[in-house]
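Below you'll find the structure, written out as C-alpha cells, and then a few comments.
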Amino acid sequence: RADSLLVFAAASTRDAMDEIATLFEGESGHDVTFSYAGSSVLARQIQNGAPADVFLSANTAWMDVLEEGGLIAAGSRRDLLGNTLVLIAHDPEAAPVDLAAGDFATRLGEGYLAMALVDAVPAGMYGKAALAHLGIWDRIAGQVAQADNVRAALALVSTGAAPFGVVYGSDAVADPGVSVVATFPGDSHPPITYPVAVIAGHDRPAVTAFLSFLTTEAAGAVFEAQGFTLPGR
Amino acid sequence: MGWLGPEEWQAVALSLRVSLVATLVSLPLGVFVAHALARWRFPGHALLNGLVHLPLILPPVVTGYLLLLTFGAQGPMGRVLEALGMSIAFRWTGAALAAGIMAFPLMVRAIRLSIEAVDPRLEEAAATLGAPRARVFATVTLPLILPGVLAGAVLAFAKAMGEFGATITFVSNIPGQTQTLPSAVYAFLQVPGREDSAIRLVLVSVAIAMAALVLSELLARRMARRVAGG
Amino acid sequence: MGWLGPEEWQAVALSLRVSLVATLVSLPLGVFVAHALARWRFPGHALLNGLVHLPLILPPVVTGYLLLLTFGAQGPMGRVLEALGMSIAFRWTGAALAAGIMAFPLMVRAIRLSIEAVDPRLEEAAATLGAPRARVFATVTLPLILPGVLAGAVLAFAKAMGEFGATITFVSNIPGQTQTLPSAVYAFLQVPGREDSAIRLVLVSVAIAMAALVLSELLARRMARRVAGG
Amino acid sequence: MSLEVALRHRLAGLALDVAFDAPAGVTSLFGRSGAGKTTVINAVAGLFRPDHARIVAGGEVLADSDAGIWLPPHRRRVGYVFQEGRLFPHLDVRRNLDYGRRASGAPQDAAGFDRVVGMLGIGGLLDRRPARLSGGEKQRVAIGRALLMQPRLLLLDEPLAALDEPRKAEILPFLERIRDEASVPILHVSHSAAEVARLATTVVMIDAGRVIASGPASVVLSDPSLAPTGVRAVGAVLSARVVAHHDDGLSEIDAGGVPLMLPRVAQAPGTALRIRIAAHDVILSREVPVGLSALNTLAGTIEAIHTGEGPGAIVSVATPAGHLLARLTRRSVTRLGLAPGQRCHAILKSVAIAPEDVGTGPA
Amino acid sequence: MSLEVALRHRLAGLALDVAFDAPAGVTSLFGRSGAGKTTVINAVAGLFRPDHARIVAGGEVLADSDAGIWLPPHRRRVGYVFQEGRLFPHLDVRRNLDYGRRASGAPQDAAGFDRVVGMLGIGGLLDRRPARLSGGEKQRVAIGRALLMQPRLLLLDEPLAALDEPRKAEILPFLERIRDEASVPILHVSHSAAEVARLATTVVMIDAGRVIASGPASVVLSDPSLAPTGVRAVGAVLSARVVAHHDDGLSEIDAGGVPLMLPRVAQAPGTALRIRIAAHDVILSREVPVGLSALNTLAGTIEAIHTGEGPGAIVSVATPAGHLLARLTRRSVTRLGLAPGQRCHAILKSVAIAPEDVGTGPA
C-alpha cells in the first residue's frame, strides 16, 4: 500500500534529498514530501506538533532537544551525514593557505571573513572552534562577518563582499564563484554530523523504509556527489 | 509552461491564494479597526494601536514563533481550533493567517489615514439627513475612503506576497500546503547553484505584485477623477 | 542594567541609531517621491511607483542580496563609495541603508495618501497669492500633511526596528557594527534554550517602538486639533 | 408644532446665552456676522453640544442637559441647509437629493421629487457631481436635499445668499408653502431684511450671543430702535387679502378696508398676504396728493416720530391698513411741520413693493 | 491698466464663449446662477485653462493660446476672493492675511495691515484659526487676504454675499478707494444690482456662457430690455459732485446743475459721486409736486416708454442731471397720460437712495 511521507529536512540538503526521494518513490511507490527550512525552525515546529514523519537536522543540538523531549521514535536516530569545513576565497587564483602556519591573519589583512553566526548556527560554531583551535580566532574575531546561515556566508564571498569565508565543503563544491584555499583538519572542530530520526508515533513501515533507504549505496552516492561525507566510511 | 516546474507553479498558485485570502479576509477587520482608531476615543485606544503595529515591529521570525506557540498543537488557540476540527497549523490557512497578520499594520495605517482625511462635516450632514452612524459610514465615509482602502489592500497583498519569515516559522515549508513563493525562493537559495531557480520565482512574484499595483493605481485614479469631477 | 548584557545593549543602541538615521535620512526623499507620485503626471510614473514598492514585494533576503551585489566591495556602487572612502558594506551605515530601503514603501504610501487628501483648491489659493510651486508645497501642502508624514516616519521607524532579512544578508552581523536587535534575536532563537534571551530583546524593541507610536499619536492628535480648531 | 430653545455656552469669541420660543411658522435669526446664529442652529441640529441646552421641538425633547438628554443628529429629523453646501462629493445630484429619503427608508415619491427639482431649476444637473456645479447650483441642490428628507423642522442658514433675484423669487414661495401647508417649522438665518420680513412669523434678533429682541416679525422689524443690521431693514408688515386681478397686470388687494394696487400677485382672490413696506419707500404728504404716478395712498394719523443721531427720522403712521413706518429726513419733518396726532397721507409706489416683499400668510 | 479677456471652452453644462474688455475701474460680471461667471474668473486667475484663451492685463499677456502662452497663477499677481473662502486651515487669521505679502517677499507694512484689518473688523480674530470663525468672518478674512497681497488685478466672486448690510456698507468704500486710488482693476461678480451699480465702471452681462451686453454701468444697467437678474436691477446711474454738508445731516450735491439732498455722504465737498437711482424708487408727476416729504424733484422730458409683458413700464426721462429711469405701472402711465416728449417731474426720496447706492468716482 502506498503511503505519503512528510520529511522535515535542513534546507542545505535539498538537492541531494530531492534526488534520493525520487529514487525511493520509484522503488517503493510511496510519496515523499519535504519541508526545507533551518534546523531550529523545523525542530520547534516538531515540538509544536508538526505532522512530520522524519527529521533530518544539520544541528545535533536541536536533535538532542527533541530526543530529550521524547519526540523522536526510540532507536531511530542515526548520524546520516558528515561534512568538511573549508576556507574559501573570492579570488579564483588565490594561493592555498597553510592554516597551521598561522599566516592566515596576515592574508586576511583588513578584509572580512564571512561565517555563519558563530554562536548560533552550527557552521559558524564549528568554524569558530576550528579557528580557536588553530590559534587564529583571537586575532581575527573583529573581522568576522556573521551571516544568518552558511549559504549567506557563501554569498558574501562569491559576491566579493568578503575575500574569505568559512563554509561546509558541500557548499564550496557547488559554487563556481569561490575557490577552496584550505580544508580545516577534522580534529580542529567537533565532528560535523547531520542526525536523522523518525518522529515519535510516526514509525510506520513506509517511514522506516525511507530511513533505511537513506543509508543505501545509491543514496550515499548522491550525498557524496553533493559534497557530503558519509560517517563510518 | 516549461519555464517553471510543477512544484514552482504550485508555489505561485499557493502564494496567490494565501495573499488574496489574507487580504480579503482581513480587509473588513482592517477597515473596522482603522475606523475605530481614527474616529473613536475609548480606553485601550493606545493598546489597540500598539497591538496592530506589533507585527511590524517584531522580527518576522518572532511573530512566526509566537503564532506557532499560540496556534500550534500545544497552543491555547491551537487546541480550540483542533477541537473544532479547524486546525490551521501547517495548513495553507495558517500561511494566510501569518501573511494577514504581517500585512495588517500596513493595511490599517493606509485606511486610517484616509478616514482621517474625510471632512467630518460631510458625515455631520449625513447624520442630519437621518443616517445613523453605521449608515453614515457605509454611504459617506466608505465611498470617500475607497482609494485609501484600495491602497491599503494592495499594500497588504504585496506584503503578503513577499512575506517569508513569519510564514516559514509558523507553518513550515510544505509544498502544496504551505510553500509560498518566498519560502520556495528561500529553499532554492539554501542550495548551492540553484540561484537561477530562485531568480525565476522572484520575477514571477514581482510581476504579480506589479500587476496588482498598476491595477490599483488605475482604479484609484478613476475614483478620484469621479469625485473631483475632472 | 543587569537585565541585558553589554553586547545586547550594544545591539539596542545600534538598532536605535540605524532606525533613526534610516528614517530621518529617507524622510525628505520619501516626501518628495510621495509628492511626485500623488500630484505629478510624468512618463515613468508607474515604473517609479513599482520601484518604490519593490522592497515590500521581494523577500527581504532577495533585497539584501541585491544590495550586496550593488553596494558590496565588488558592486558598482560599492566601488564608487569605496573610492570616495565612504564604503558602507559591513558598516552600520549599510544597515541603515538596508533598513531605509525596506521601510521606504511604507513611508511613501502613508505620505502619498495624505497628500492626495489635501484639497487642491487650497493650493490653488496659495498660487493666486503669488506662491510658486515649491513655496505652496512648503507653506500649505507640507503643514497639512504633517500628521501623515509623522505616521509614515513612525511606520518606517517601526519597520526599521524589526528589519532583519535584508540587513543580515547585506551587512551580516558584526557585533557593534551591524548586529541589530533582530539579528541578535535571531541568533538566540537558533540555539536551543535561549528563548528567554530572545524574548528579553524583543521586549526592549517592542518598548521602543511602542514609545515612538504613542508619541506620534499624541503629536498627530495635537496637530489635528489645531487645524480643526476644536 | 413649535420649537423651544435655551442654550448657554462659552466659546473663544462668544459667550452664548440665548433662549427663545419659535411658534409654528418661520422663525428668523437676525443679527450681524459673528453674532452666534450658526452656533444656535448647529445646537438645534445636534451638531454642537453646548454646556447647557434645552431644546424641545413639537413636544419632543431633543436636548435637556439637566435631564442628561442629547438626541443624536440622525434622530432629530431636522433638514439643515448649511451655510457652506456640504454636498456629498461622491454622489451625483440625484443621489444627493435622495439621501435623506433613503436614510429614513421612506418610499419613493416621484411627484414630490419632480416638484422640488423643478422649483429649484436643477433638472438638468441630476447626473452631475457637485464638483461640476456652480456656487448657486450647489446651494440649490443643498436646499433640495433638506426639503426632500421630509423634515419635521427645517434649518436654513443663509440659504439664498448665493442666488440671484429671479431664483430667490422662485424659491421663496416654495418655502412659504412648506411653512403654511406642511406646517414644518423653519428656523432661518438671513442678512436680508426683505427675506426675513417676507418669511418670518417670528424674528429673534441676536447680538453678541444674546437675544436682544424677539417677537412677531411685524413688531420686531418695525421697531426703529432695533437695527443691528442697518436702518434699511426697518419696515412695516401689513396683513392683506387678494381681492381681484385686473387685466393690466395689477392685483387689487384689501388691507384693512383700504384698496391697494400691486404688481400681479400669483395668488387666488381671497388669499391672505403679508406685505413688507420698507420705511424708506414711503412718502408722506400733508395734502391729498394729485397727479402722481404712485397708485396707492393711505390716509392716517401720525403716532410718533423717532429721531436718532443721523439725518433721518422714522415716522409711524396709523392707517386703517395697519401701522406704517416712513423714513424721512429730519429736514422734511420740519419742512412739512409733522407732529404726532396730525393727519397725513402715505404714498406708496406699487412697483416699489418688490415681489420678495409680498408673502402669503397672515403677518 | 485695463484687462482684455477672450475665452472659448466647452463644459458639460456650458458652452463658454466670452470676450470683453475691462477698462480701468471695476468690471462687474452680472448674470444668473450657472451663467459661467466663476469659470471666467478662474481662467483669468490661471486656475482653469480653457481650450482657447487670450487674457491681457495692463499690457502684459497672461494667456494667449495661439502663442502658446499660459502664465501660471503665481506669476499673475491677481488677488482672488473665492466664492467659497478657501482660507488656510492650519494658519491663524494673521498668517492667512500675511500669506501673499510673504510669498512675494514684500516688506511688512504695519499701517496698511492695520487699515485693512480695521476696515474688515477682524482685529479680534487675528490669533484664531479659520475653523473657529463664523461664515461672515471667514469671508472678511478672505477679502483681507486678497487685498493685502498688493495685487495688480482683483477678482471678487460674490465677496459680500455672506455679509450683513452695515458690514457691506463699510467694505464698499474701501473697494472704491482701491479702484480709484490704487487704480487696481477689479473683476467682480455679484447678484446685487445695487452693489454692481455702485462699484462697476463697466458691466458685462453673461448668460449661458455668452456676453449678452457690455458697456458702462450707467448704460447697461439702465437698459430695461436687459434684465437677466430681474427687473429690480434696472436703474440709472448719475454723476454728481458734493457741494456742501448741512447741519441737519444732509449733504447737498450737484447733479448737472440740479441740487439734490442726500443723507450725509462721507466725502469732502468737490468729490465726484456716482449715484444709482433704482427705477422703482422714482415717482413721476405731471405737476410740480407740493407738500411731499420727498426732498428732491427733477424736471425733465420723457424720452421713451418701454412696456413689456408685465404690468410695469419703464419711463426714461431726460433731466439736466442725466437720464433717469422710472418704473411705473402701465395703469399709471395711462392715468397720467404720459407720452414721449412731455414734460414731467421726477420725485426722489432722499432716504430711498441707500448708502450702497452712492459711490465715489464718475459714472
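For clarity, chains are labelled A, B, C, D and E in written order, and residue numbers in each chain start from 1.
Just so it is clear, contacts are C-beta pairs under 8 Å (C-beta built on N, C-alpha and C of every residue); 3 or more make two chains touch, one makes a residue touch a chain.
By chain, with names taken from UniProt: B, C = Molybdenum transport system permease; D, E = Molybdenum ABC transporter ATP-binding protein.
Owing to the predicted nature of the structure, the values given are computational and were not obtained by experimental measurement.
**Student:** Going only through chains that touch each other, how many steps at minimum separate subunit B from subunit D?
**Tutor:** Between subunit B and subunit D, the shortest chain-hopping route counts 1.
**Student:** What is the set of chains touching both subunit A and subunit B?
**Tutor:** Neighbours common to subunit A and subunit B are C.
**Student:** Using C-alpha centres only, name the chain that sits farthest from subunit D.
**Tutor:** A
**Student:** Distance from the CA centroid of subunit A to that of subunit E, rounded to the nearest Å?
**Tutor:** 90
**Student:** Using mean CA coordinates as chain centres, what's the subunit B-subunit C distance in Å?
**Tutor:** Those two chain centres are 20 Å apart.
**Student:** For subunit B versus subunit E, what separation do you get between their C-alpha means, in angstrom?
**Tutor:** 60
**Student:** What is the distance in Å between the mean C-alpha positions of subunit D and subunit E?
**Tutor:** 26
**Student:** Counting only residues that touch at least 2 other chains, which ones in subunit D make the list?
**Tutor:** Within subunit D, the residues that touch at least two other chains are 128, 132.
**Student:** Name the residues of subunit B that each touch 2 or more other chains.
**Tutor:** Within subunit B, residues 61, 65, 186, 189, 228 contact more than one other chain.
**Student:** Chain pairs that touch, all of them, please.
**Tutor:** A-B, A-C, B-C, B-D, C-E, D-E
**Student:** Could you pull out which subunit B residues touch subunit A in their complex?
**Tutor:** Spelled out, the residues of subunit B in touch with subunit A are 61, 65, 68-69, 72-75, 78, 89-90, 168-169, 172-176, 178-179, 183, 186-194.
**Student:** Within the complex, which stretch of subunit E touches subunit D?
**Tutor:** 11-13, 31-39, 83-85, 124-125, 128, 132-137, 140, 157-158, 161-167, 169, 191, 193, 228-230, 232-233, 246, 248-250, 261, 263-264, 280-281, 283-287, 289-295, 310-312, 326-334, 336, 338, 347, 349-352, 354
**Student:** Help me check something: in the complex, which residues belonging to subunit E touch subunit C?
**Tutor:** It is residues 45-47, 72-80, 82, 84, 86, 88-91, 99-100, 103-104, 128-132, 145-146, 149 of subunit E that touch subunit C.
**Student:** Over in the complex, which subunit A residues touch subunit C? Could you list them?
**Tutor:** Per the touch definition, subunit A meets subunit C at residues 38, 40, 43, 61-62, 64-65, 90, 112, 114, 117, 119-121, 142, 144-148, 152-153, 155-156, 159-162.
**Student:** Hey, which residues of subunit C end up touching subunit B in the complex?
**Tutor:** 46, 49-50, 53-54, 56-62, 65, 105-106, 109-110, 113-114, 116-117, 120, 147-148, 151, 155, 158-159, 161-165, 181-182, 185-186, 189, 198, 202, 205-206, 209-210, 213-214, 217, 224, 228
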